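The same chain A turns up in both complexes below, where it pairs with chain B and then with chain C.
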Partner chain A sequence: MSANPTLVVDDIHTYYGESYVLQGVSLKVEPGTIAAVLGRNGVGKTTLIRSVIAFTPPRRGKIVFENQDITRWTSYRIAQAGMGLVPQGRRIFISLSVRENLEIARRAATGGNEGWTIDSVLDLFPRLRERMRNSAGTLSGGEQQMLAVARALVGNGRLLLMDEPTEGLSPHVVEELRQLIRRLRDGGMAILLVEQNINFAIESADYVYVMDKGKIVFDGLPSDLAANNDVKETYLGV
Partner chain B sequence: MRKNHLGSVGALAFILIVGALGNFLSPYDTGLLTQMLIYGVFAMSLDVLHGYTGMPSLGHAAYFGLGAYVSAICSLKLGWPFGMAAPAGIVAAAVAAALFHLLALRTSKSYYLMITLAFSQVLWSVAVSWTELTGGDNGLPGVRRPNLGSWFPWTFASTHNYFYFVLAIFVVSALALYVFVKSPFGYALRGIRENEMRMRALGYNVWAYKYVASIVSASFAAVAGEMYMYLNSFVSPSSLSVTVSAQVLMMILVGAAGTLFGPVLGAGVFVILQYVLSTYTDRWLFVIGLIYVGIALYAPQGALVFIRDKFFAPKRGSAS
Partner chain C sequence: MSFWIVNTLNGLSLAMILFLLAAGLTLIFGLMHIINMAHGSFYLLGGYIAITAIRMSGNFVVGAIIAVIAIAILGTLVQRLLLAKLYKQEMPQALLTLGLLFIIADIAFFTWGGDPQLVPQPALFQGAVRIFGVVYPLYRLFLIGWGLAVAFLLWMFLERTKIGAVVRAGMDDEEMVRGLGINMPLVFTGIFALGSALAGLGGVLGGPLLGMFPGADFEVVLLAFVVVTVGGLGSIRGAFLGSLLVGLVDNFGNVWFPQLSLFTIFVPMVVVLALKPTGLLGRT
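Let's turn to the complex of A and B:
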């Protein structure tokens, strides 16, 4: 399949006020693949996600989603166009119940696809089904992460942005998450994953980028990164 | 399921008890009960903005007073019947909110608080200074109580009959607002209160949701303002004053923001306190202030949530 990339980030420069965070970042996510961006704390990984979803739009550069230039679009239009976000720290709505969290995120699939429904997502996360009426604030960390992913799924986007999804999760839940995102990818979803957890990224992703001080300093196959001790030591501290 | 059941039984019991009380109480006390219901609608309307959407307004009297004035002017100066004058006041408040929020929605949180205060003060000064239309400081006396026409077997001239009229409007308003906040639209408002950005990431046009919420809120505030105006057959600039705005905000905070019954409870407590305290002292506002400080310190989520968590729901933070 030689379709165009789902997401193209082309030389974006993003500022927080005066501070120059992203200094010319370019990357691609192909349809049905997982791209991971690795880097230490504070190198601009979350800013990258925020730039793509237009929370902090880039000052220069271009972002193309499914052949449409979305650089100047507002966040909600980008989301409506088919981009889902699993924010850092599993930010679900704690004052809403689990069901209400899913209800507000639901969006019909486009292009005649069957897509995810609340019911089919609950088959994926049976534990959430038992907690439908509970306030989301009472869920455990792992359950909140499941809800955050489930919420992104019922939005039926074709690209999922995940900001440090493994943060604070037990190894067992991390493994479940890894299997889940591989299944989503095999179902045709494109995923842009931002992580500090190198092993998780290497084991899940199809392509990896390493970021440092607002720039991409390495890109290649996960096996290339695994073999490259220089990059790992210099930029990832292992 | 069980919980919803409990809620509807509670609501029905509340209406029956209040309805029965109106039959036994003296006209004076029935008048107080009527005021509670009117402030109840007013407080619920503000809670749509403040409690559900997270837009704290210190100028909600603007719509309360505007509804009252427009409907009074339509019936006194233009001679419109109740069936036209009452909707006119509601439409006026809705249109005012729609225009004002084109500007006001550029602000949020405490800045929204300030700009709503400014807006209500502008309306207040118009009411004071445009004497030919509004009667200035003297206000507009002599508005007749609602008359639904000769087909309707009751008139509302007596306090008791008017009480039942207000009770009916209260029930309809509470039901309408209940349906509104329990709809997906209402969930979205709560999502916006918690985090606007996350709602944008879910594809919500946050601006449009806030815009609609502010118009709905203003419309019900006008309903309350009109009922208040018809209760006294009188409207004056004080109905647009910052005191009224602050009082209704306090009712919500005392009762429990983000619930529908909490503001009604707060309105009831407020009217009773005002009545009881003012027979003993002129400084009754001071005592109410102390009580408010106590609530803010010991039950910051409001009396209703405090009572519910203490006696009915052992689970922390369960969904309402």
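Let's turn to the complex of A and C:
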């Protein structure tokens, strides 16, 4: 892989109609690293993810993925180019069986290796294997989150966008998730992780950003943030 | 007894014509949220084109295939060139299809005139057969068979293929499907073309019974909307159930209360909606 960042977000400005949400956000995700974006509810973290995948394209600014300018691309082309999405609220397809959720998301990996298959993600989440024929709507919250992660993995992207994956999970499942994303990272995956759970982000990430009112107000190593009580108190309420 | 058999079969054959229309309507609405008034135009044009093509070729099957293909192409163009430009703008889309309904009605009037015309019946299915102790037109039985076959194939397509799963997922959360890297604009066009082709087929196969005439487009799309509303928007099984219900109610209503024909259709619809606002098998 190139030494250039996997993802560069360069001064993007994103609106919902007249509502001006992202007011010049810049960040980077390096290959094989986890970058976390922290911030209170409503500061624009989900809007950042929506901007990157072009659900809500930014009106100004630039987004570069693996040296390609994807700013004007449509969502499905961006995803095809190698981005996986684990959205806030899971958004699994409840009319589909668990298997169908995975089948429609499956895309072969690029560069020769097989990548994630339905079988190999099921080894990762054995509980899903028992539920393959069930309607995805009948899964528990934790199982739905597993399915949302598994669905993103079988797409075999090289960048994973994760929007509050720990939301509503028990501490035990959160710990499993932490180990999983570290393992994915060690396998070479770049991850943009959006979180409200500060400890989770500090423990998992290689680099952290703090967001407030549509702007990045802090960036640094997780240890810098852990030591910076000012930022934590002002922007994260701890 | 023969009264019940004949009228049930009549109701079923009407139901199958309605199903051919309602299936596309419900898929298009479920996936794209388009209230497609032009669906009636596709039915009308399907019937008229079949009349002309059968006359010229002298062969029902050839004429039917030409008509269905022509309507599929027309549907593709309407979706690609017009509706796709109004993505997610539901009111402008609905008004656009209403405009198309009027424009196509005028074009059809100038081209085929104002007199009702029947699509010629296929020679193979002319005449009558004895069934359940009554003598019954063979063509209507053929129509019922076709409707059942199309319903089965559509169900298989939606429930047993990957594209079918994509369509169902799109009804759940279209944006998320795009986020998985699936070319939804293409799926939209495909489903719109399929729905249009089915409406055209409805015109071809319903044409020998109901005939084509100015106003048939609106009449039939109104009934098809009742069907999908009763059955539940977005559901093929709902469209099937709704077609049976509306087909049978309309037929028996016309026999018993000929002056109340619209009344007998809309009362059951209101009752269903009052009890279950999403329709019988609607998605929630």
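Everything below uses one rule, namely that the second predicted complex is superposed on the first by the 236 of 238 C-alpha atoms of A that agree within 3 Å, B and C clash if a C-alpha of one lies under 4 Å from a C-alpha of the other, contacts with A are read in each partner's own complex, and residues count from 1 in each chain.
Just so it is clear, a contact is a pair of C-beta atoms (placed from the backbone, for glycine too) under 8 Å apart; a residue touches a chain by one contact, two chains touch by 3 or more.
Quantities reported herein were computed from a predicted structural model and do not represent experimental measurements.
A.B. asks: Mind checking chain B and chain C on superposed chain A, clash or fit?
C.D. replies: Result for chain B and chain C: clash.
A.B. asks: In the superposed arrangement, which partner chain does A:138 touch: chain B (first), chain C (second), both, or neither?
C.D. replies: first
A.B. asks: In the superposed arrangement, which partner chain does A:212 touch: chain B (first), chain C (second), both, or neither?
C.D. replies: neither
A.B. asks: Looking at the overlay, what does A:91 touch: chain B (first), chain C (second), both, or neither?
C.D. replies: Both chain B and chain C are touched by A:91.
A.B. asks: State whether A:79 touches chain B only (first), chain C only (second), both chains, or neither.
C.D. replies: both
A.B. asks: Check chain A for residues that touch chain B in one structure and chain C in the other, and list them.
C.D. replies: On chain A, the residues that contact chain B in one structure and chain C in the other are 53, 55, 74-76, 79-80, 85, 87, 91, 93-96, 100, 103-105, 107, 151, 155.
A.B. asks: With touch defined as at the start, can you tell me which chain C residues reach chain A in the complex?
C.D. replies: For chain C paired with chain A, touching residues are 162, 165-166, 168-169, 171-173, 175-185, 283.
A.B. asks: Can you list the residues on chain A that touch chain C in the complex?
C.D. replies: 53, 55, 74-77, 79-80, 85, 87, 91, 93-96, 100-101, 103-105, 107, 151, 155
A.B. asks: What residues of chain A sit close enough to touch chain B in their complex?
C.D. replies: Checking each residue of chain A against chain B gives 53, 55, 74-76, 79-80, 85, 87, 91, 93-97, 100, 103-105, 107, 133-135, 137-138, 151, 155.
A.B. asks: Which residues of chain B touch chain A in their complex?
C.D. replies: Within the complex, chain B contacts chain A at residues 184, 187-188, 190-191, 193-195, 197-206, 258, 315-319.
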